[in-house]
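Right after this note come the structures.
Consider the two complexes below, in which chain A is the common component and chain B and chain C are the respective partners.
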Partner chain A sequence: MWINMGPQHPMTHGLWNLRVRIEGEIIEEVDPEMGYLHRGIEKISEDRHYNEVITLMDRTCYVAGLAWEHLYIIAAEQALHLEPPERAQYIRTLSDELQRIASHLMWYAAFVQDIGLMTPFLYAMRDRDLVLDLFQSYTGARMTYEYNRVGGVRNDLPTGFTDRTRKVMDWIYARFVDYDHLCLDSDIFHRRCDGIGVLSARDCVDWGVTGPMLRSAGVRRDLRKDRPYAAYDRVEFDVAVADGADVTARYLVRMEEMRQAVRIVRQTLDWLDKNPGPVLADRLPRWLGAPYAPVGREGYLLKRNFPTGRGFSSVEEPHGEAQAYVVNTGGEHPYRVKFRSPVFANIAAAQKYLPGYRVADIPPIMGSVDICVGEVDR
Partner chain B sequence: MQPDVLRERLGPILGPRLLAVEPFAGTAGRVRFAREGALELFRAVRDTLGYRHLAMVGAIDWVDHREVFYVAWSDEERDYLFLSTDLPASDAHVESATPVWPAANWHEREAFEMVDVRFDHHPDLRHLLTPDEYAFHPLLRSFKLHEPEELEVKTRNV
Partner chain C sequence: MAASAPKENPTNPLSGVVRPLATAARQFTKSLIRPSTIVYPYERLEDPKFRGKVAVASGRPIGVGDVWDNYRGVHALNIATCISCNLCAFSCPDICIEMVSVAGDDPKHPKKCPQIDYGKCSYCGFCSDACPEGCLTMTTRYELAVTKRAEMVYSPERLHEVFQRKLPMNPIRLERPANEDAILLDAPLCIGCNACARDCPTKCITMLDVPKPTARPGEKLPRRIWKEPVVNDSDCVRCGTCISVCPKECLFWGTHK
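Take a look at the complex of A and B:
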């Protein structure tokens, strides 16, 4: 019998449909149906300036906007042959890690609710708001930031930001102990999560599964270490790895990642305190700041003189490894932009890690994937 | 792995179907191949060179032809490798990479619906993001969102 879980179902955390073929309580086959949130971001990008695409990036993954901006901006800068100042690199690293904490807290809140624990949900949402307050203080927004620019970031950090952030980090770091107590000491948690949704390291690699799901299978792979970008080669942190490859292991990896994120944030704050400087490259082409596409003589010169190029970037965003490929054939719009979302691959592998378990196991398993439908459908 | 090393190791396997190996966008390089050698190249890249993880498959419409590109990652090299092949727009099809990399499944479905490239021997070549009966291929250049000239005039008069 085929049943539809979605498009409106508490398990989906977004808008998609998981079609499941069951035999009694046992899952035989799954067929995820995506596309309910498809907005054609890759197509719209072809008609926009390089800086206007950043707006779309915030909407690609609405819980990890700054990480997706960062992904696109690296590829765009490479395609346009621009180099951001070092301070902007550190601010981006800081933003990425704050975003990782915010995104993982959002995951934690949604995930514990899936398995029937209500209290941790309130804890996590409350602490996530503290991080969103920080975002608001330097980007002006809590969700759709539009903070990165081709060649740097829009503005410097406000006065007193580093001290405020240190206080928030101290508070959140202490709260991680509570989070672990609420989950790992709970009998419900272990009964629902231990030993289900197992995806071996070999299957993870074959199916392109990345991020916390891959590291929970014992594979020590993290693009921040393996192929460092921004300032990640200048900060110290450990790669969070767990064994077991089940839902509990993914929980442990994400919790450890948040601790490591706090560690990275503290190091970047120390550096930012000591090293003032510009945050935007000063030799930007004029049209990059223009409100509309240059036309007439300026547009003609631009089309004739601007160098062409290709940009490829790869970023460890909170859900896993995301890639962007930007093709610049000269002119004000990218010719083609292609994004690869980690959740896309993680859901595609559902036909490997769901069959054999029971229908009641679906919410914890899919919860542990950390689904963001916005970036799957784009 | 440097482009000349790639050429040395892939050349004997592919012969004339290996068109070029060039440095590319901060990655290990880009291997351009003729589509007849697709499956052999995928196997060689995965098993001989060790690029076990397929990151993405995508397609670009260059109006006169279409390009399909593959991005693979190697844990040993810690780098990405681009593979790319050009297909004529009138007859755009290439062998599916799913027997070698199962991860290619959804990426190829997306390229099929968006850029109208067919993947031979794909296990399940349906639309992924658009409805099954959707008759357009949105990422083709001939699919226009609006007339840019009209929009520009409007915004400047405001």
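Take a look at the complex of A and C:
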């Protein structure tokens, strides 16, 4: 019998449909259907200035906006042959890691709700709010940041920001113990989550599964280490890896990643305190500076002998490895923008890790994937 | 693939229930003494009383008022200093800004100021970044509920009312890039029509006489006014109005040799 879980279902965390063929209580076959939230972001990007695409990036993944901005910005800077100042690199690293904490807390809140625990949901959302407060203090918004610019970031950190962030980091770091008490020490949690949703390392690689799901299968793969970008080669951290490849292992990986993120944030804060400087590259083409006046006749950049180029970037965003490709053919808009969403591959692999388990196992398993439909459908 | 049996729980069954409950109970008693919530709308996050100190939200490690300095909310427009340069409308990614006439001194040439459709606005702040005079800024106001769709459109006068309320404004002003391009003239194409100087919002373009060349026998001089625009770069806000009004497309962006 085929049943539809979604597109309106508490399990889905957004608009997508999981069609399941069941035999009694056992899942025989699944068929994930995506595309309900398709907004044509790649096509809209072709009609916008390089900086204006950033507004779309926050909406691509609405729980990890800064990580997606970073992803696009690296590709765009490569395509435009620009080098951001070092301070901007550190601010981006800081933003990425704060975003990782916020995103993982959001995942934690949604995931524990999936397995029927309401109390940790409220705790996680409360602590995420503190990180959003930090974002608000330097970007000006809580979810749609629009903070990165091609060639740097929009503004420097406000005064007192580093002290506030340290306080919040201390606070949140102490809270992780409570999370583990609520979940790992709970008998109910283990009965629901141990040994389900197993996806072996071999299958992860075959299906293109990345991020915490891949690391939970024991594969030590993290782009921040393997192909460092921004300031990740200048900070110390460990890659979170777990064995078991099941739902509990994914929980452990994400919890450890949050602890490592706090560690990275503290290091970047120390560096930012000691090294003031510019946050925006000083030799920007005029149409990338503050005003965005019309650039006049067609082929403006070609006439100015501005070099064409292509940019490719891959970033370890909270859900996995995201990739972006930007083609600059000399116009004021990118000629083509393409994104690779990690969650798309992670959901597609449901055909591999769901069959064999029970219907009641679907919410914890899909919850452990950390789905953000905005980036799946783009 | 078969479902594997649940693993043996490493903790003893009693502590497996007691520890989570004890944690929840501890948090519950904490929240009775120091609630982490703000009682909106009786208390507001942007309230100055939360600034710098930990007030009602004493469960929080930082004061909530501290984080409102850079907030991007509803715009405030100072009509008096607006120069109608159109840069906000150009910079808007959502095309929600329209330049409309406001009542002014000269009814024949009314001043144009931005009108913002908040049904479309994404609060990205590009417009206030682009504003060369700092007359369009973003405030901490965020309550926008209306009963009719037409009320989402804020006319310049309404934006000016927001300005008059003296709400805290986003203090960040972007510095203009040092190597900014200037307006250059492709002199042989110019017909001296004065369109650029007429429409320049900062009046930084002056039309200077150029000597009329003496025609050699058989040569026909172009029909034109023998004047050429000269741009004062220090006053120019780089809005590009002159480029868009030029009928001969003889103005362009470039760097001085």
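Odds and ends about this structure:
Here, the second predicted complex is superposed on the first by the 366 of 378 C-alpha atoms of A that agree within 3 Å, B and C clash if a C-alpha of one lies under 4 Å from a C-alpha of the other, contacts with A are read in each partner's own complex, and residues count from 1 in each chain.
By our rule, a residue touches a chain if its C-beta (ideal position, glycine included) is under 8 Å from a C-beta of that chain, and two chains touch if they have at least 3 such contacts.
Since we're looking at a predicted model, the values are computed, not measured.
By the touch criterion stated above, A:Arg19 is placed in contact with neither chain B nor chain C. By the touch criterion stated above, A:Arg234 is placed in contact with neither chain B nor chain C.
Put chain B and chain C next to each other and count what each touches on chain A; the higher total goes to C. Contacts of A:Gly311 after superposition: chain B is touched, whereas chain C is not reached. Of the two partner chains, chain C is the only one touched by A:Tyr123; chain B is not.
In the superposition on chain A, contact is made by A:Tyr325 with chain B only, not with chain C.
Shared contact residues on chain A (touching chain B in one structure, chain C in the other): 292-293, 295.
Interface residues of chain A facing chain B in the complex, by the touch rule stated above, are 34-35, 38, 40, 42-44, 47, 78, 205-208, 210, 221, 226-227, 292-293, 295, 309-312, 314, 321, 323, 325, 327, 335-336, 338, 340, 344-345, 348-349, 377-378.
Listed in rising order, the residues of chain B touching chain A in the complex are 24-27, 52-56, 58, 60-61, 69, 71, 75, 78-80, 82, 101-103, 105-107, 114, 127-131, 138-139, 143, 145-146, 148, 152, 155-156.
Those residues of chain C lying in contact with chain A across their complex are 1-7, 9, 11, 13, 15-17, 19-20, 22-24, 27, 36, 60-62, 64, 66-72, 87, 90-91, 93-94, 122-126, 129-130, 132, 138, 170, 172, 174-181, 237-240, 243-244, 249, 251-254. Put simply, chain A touches chain C in their complex at residues 26, 48-49, 51-52, 54-55, 119, 123, 126, 130, 133-134, 136-141, 144, 146, 154-155, 158, 160, 164, 167-168, 170-171, 178, 181-183, 185-188, 190-191, 194-196, 198, 282-286, 289-297, 300, 303-304, 355-358, 361.
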